[in-house]
Amino acid sequence: MGGLVSQSFDVATATAWLRRFAERIAAEKEWLTELDSAIGDGDHGINMHRGMSAVDEELRSSGSGDQPADLATLFKRTGMKLVSSVGGASGPLYGTFFLRLAAATGDATSLDGPGLAQAFRAGCDGVMARGKAALGEKTMLDALLPAADAFDAAIGEGGDDLADALKATADAARTGREATIPMLATKGRASYLGDRSIGHLDPGAASSTLLLETLADAVAGSDGS
Amino acid sequence: MKKLINDPEAVVRDALAGVALAHPELRIDREHRLVIRGDAPVQGKVGLVSGGGSGHEPLHGGFVGPGMLDAACAGEVFTSPVPDQMLAATTAVNGGAGVVHIVKNYTGDIMNFEMAAEMAQAEAGVEVASVVIDDDVAVRDSLYTAGRRGVGVTVLVEKIAGAAAEEGRDLAAVVDVIKKVNDQGRSMGMALTSCTVPAAGKPTFDLPDDQMEIGIGIHGEPGRERVQLAPARDVARMLVEPVLEDYDFTGGDGVICFVNGMGATPLLELYIMYAEIASLLDRAGVPIARSLVGPYITSLDMAGCSVTLLKVDDDLLRLWDAPVSTPGLRWGA
Amino acid sequence: MKKLINDPEAVVRDALAGVALAHPELRIDREHRLVIRGDAPVQGKVGLVSGGGSGHEPLHGGFVGPGMLDAACAGEVFTSPVPDQMLAATTAVNGGAGVVHIVKNYTGDIMNFEMAAEMAQAEAGVEVASVVIDDDVAVRDSLYTAGRRGVGVTVLVEKIAGAAAEEGRDLAAVVDVIKKVNDQGRSMGMALTSCTVPAAGKPTFDLPDDQMEIGIGIHGEPGRERVQLAPARDVARMLVEPVLEDYDFTGGDGVICFVNGMGATPLLELYIMYAEIASLLDRAGVPIARSLVGPYITSLDMAGCSVTLLKVDDDLLRLWDAPVSTPGLRWGA
Amino acid sequence: MGGLVSQSFDVATATAWLRRFAERIAAEKEWLTELDSAIGDGDHGINMHRGMSAVDEELRSSGSGDQPADLATLFKRTGMKLVSSVGGASGPLYGTFFLRLAAATGDATSLDGPGLAQAFRAGCDGVMARGKAALGEKTMLDALLPAADAFDAAIGEGGDDLADALKATADAARTGREATIPMLATKGRASYLGDRSIGHLDPGAASSTLLLETLADAVAGSDGS
């Protein structure tokens, strides 16, 4: 193990990730919506659930001949599905995230740790470009960007396996999510609140943390099996 | 939650079915959730497309018809529609003179319309111009916000731009008139109660029995401040003063004064508010050229109102008075 | 009580002030609380006067104008106006061809209009014909009731009679068309919540969170029965079935299908109801010739809706389609 | 005392009656409205208060030269004021009551017991004619008609003074009022309820009872002073 990021991230693991993410979104729908009620318009859980249910349904219904051959196909379908079913702010943002992930994976059927970290970074850059936001504006980026940094750092140290690196990544997302509480929102609906946005957790940061937690779970799960 | 609905997840689909049945003069694209003018595309006319989250009826679908919009895209409740819808609408109304996207300034709407415009230009070769409406003075337009929200001025824009397109102005001229209306219009709203998103099943926010929210958005986004309930004349002041402070409405040919109901506020109360607002405008030396009173851009079952003022000139007044024939606004035709 | 008002005792006066300011094309008699057509009396035209308790806006004041009423008398909230008002209205609109009083069937309205008609004939020598509207199938018309209530059909009567008077029909002919509309029209309403009379300050009745009232009147009078909340499609059945049982709507040129909001029910829900109602009518073999969807005869801030069907023929349809220009209903002008 | 109805009912007593009635209506406004909420439209207290305040104000504001010279003038003014300010069902009904009272008093400046009983009966007949209702339909007539009968009976017996006769009259109104509870309403708004009107006290019977109680009080008061 030591010194090597040995596991690979393949289409089956990626599919498991998306399914777990859909499940967690369904389970946390009410909570996400409640968070959005406090500083937004009370639909984030509903939006994400609509999108990830559609993705999940497509994953289930794609027959054996229709299975994505590579990661790019899987992520492109996911991104397009999200763009065309979610709407709101989160639709284009999560959609763009997966479309960029697709672009970054080329025709690979599996990625190693550095490859996944690079692709993840590309997804985050896509979110930044689409939403014109940066770190510290109380958005999903406040979970995503610290996670990307932690992922890079874990890979760079080269001392952990992929599951451990993703555990650290998810931890960073959680920390980033909690850090949105004292932040003043300057992007998205929450910015309308001015100072009154302070003291609330950002819903997009919460859903992004679920994205990272399920990624870590999916890789750890496939590792163990 | 007490609502006349079937499935909380299907309110948009079900309401669109009703619109299709009640208004045979319109064309409904159920797959893309579009309300389209029956005679679209009108050759040689600039096409006008708007859309946004549902729950603001009659905006936008109720404003489709001769003299107003060519098509409206219905998103889920309070959620921007998706690019596929806007793309389908743009293609459906393209009469060869270009298409304008009228976009209310919300992050989601902006991004989805942006993706749609990219797709329409790339995939369908349609010339698309986007104009963003941002008239809500409750939000400070600064580096620290996503900018002002698009609210009441959207109704006036859709009417006036519709008349401009109908009389044959070209894409650039229609865009110009929209920008002018957006520049010269301001709004401010308030709520007595929260709204309840059907799929959420409970009120978006709690508002104690003795309080109201000043500066509310049309999606239940909290406003500037919560204050004690007050008589209509004080509420009028809280709405009109920030609007007048933000823009100089004197010196033109007067204003269109639009007093809007949020969905659950009866006309009786809106007229009481109108009287108070008109008297404040009179004192401020702002003559009223035209009025519009009623629920035109709503927030589901929210009780409350908003005030929109638009400084007009001869041209804008003529466009306002031009015939319009839609489910939500109709005169001269 | 959360309302946009100044003084709970003065809501009618204050709202009328707003109507006067918002609609300079109308004449407002503040002393008698009348909304009058700007060009009244129209010489040689039968004058149409209606009125009733306030709280049902836009009915009746919002329906004054060319092609509809000549004058409307505003009573206190949910209380019939007084004879002095109706007398003043009758005199103001008398163009020499007689005046029709359109009276909703409530004991108070009947008695006050009756006293006014006696006075108008005796004191002013105006020929007055009174027609009573009683279309609410929730109430059994029998020896044991004051008869059916006048509800949604009133809106259709005012439009159609207005067109008939406008095209020059004489007093008897206008009365005939009103009677025909009343005979061929039926309504049924329901409430999800109570309304709150401003001067009372609290809801007129309690309705548990899981219940609705079927057969409600427009004054918060309890209805036929209280039942569990149900989906829109079941509510539609509870309203449409008693209407269809009461009158045969087949065999004519179809119906005008009017789905009315009670005041606090948003348009989104009304269109969902419309879809369900239209599908029931389709199954019953009753074609829809025209539709009207919106809050036209309301009950303050009550949430709920009502259905009105009117069996039409060529003549009624032509009168329905004729131009009308009032604050509440406007087309063709 | 015995055998004689000695007191007379003059303009001052009648004025005191109307004032007391206005006061009682003001005091019981909420109650009357509540009764009307149960089986009507929740405005009876408001309606009666609006009308009697207007009457009371006119009584107060009429200068010394403008004081009604006779009972007919006083009652006619009262009736017209009620007709022109109340509206609803109770406006024409109470208005007609007082207009008929006026017609029955001719140019009298005071009435004896039989005169007052006759005038009261005329008022009740007016209410019946205007509203086309009879005893037992759960309306104000269920307080008024038993009261009229009791008044006639007390006068007919000739054994009481006017104050006592009116006390019996008010008692009969109260009994009549309570008797409306089990009745099925067949007139007015309450009739829309069908069986559901049973079990509620009729608001108009309640206000009419106040009318009789204040009449008794006014005469007893003027008697005592």
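Miscellaneous remarks
Letters A, B, C and D mark the chains in the order given here, with residues in each chain numbered from 1 onward.
Just so it is clear, a residue touches a chain if its C-beta (ideal position, glycine included) is under 8 Å from a C-beta of that chain, and two chains touch if they have at least 3 such contacts.
As the structure is a prediction and not an experimental result, all values here were calculated from the model.
Shared contact partners of chain B and chain C do not exist in this assembly.
Of all chains, A has its CA centroid at the greatest distance from the CA centroid of chain D. In terms of their C-alpha centroids, the spacing between chain A and chain C amounts to 56 Å.
With centres taken as mean Cα positions, chain D sits 33 Å from chain C. Mean C-alpha position of chain A lies 77 Å from that of chain D. Counting partner chains per residue, chain B shows two or more touched chains at no residue at all.
Those residues of chain D in touch with two or more other chains do not exist in this structure.
Taken as a graph of touching chains, this assembly forms an open line, each chain in contact only with its neighbours along the path. For chain C in complex with chain D, the touching residues are 53, 75-84, 106-108, 111-112, 114-115, 138-140, 143-146, 149, 197, 199-200, 204-205, 217, 219-222. Of all residues in chain C, those touching chain B in their complex are 2-7, 11, 14-19, 21-23, 54-55, 57-58, 62, 192-193, 209, 212, 229, 231-233, 235, 263-276, 278, 288, 291, 293, 295, 298, 300-301, 303-305, 325, 327, 330-333.
Contact residues on chain D toward chain C in their complex (touch as defined above): 33, 37, 39-43, 46-47, 50, 83-93, 130-131, 184, 186-189, 191-194, 196.
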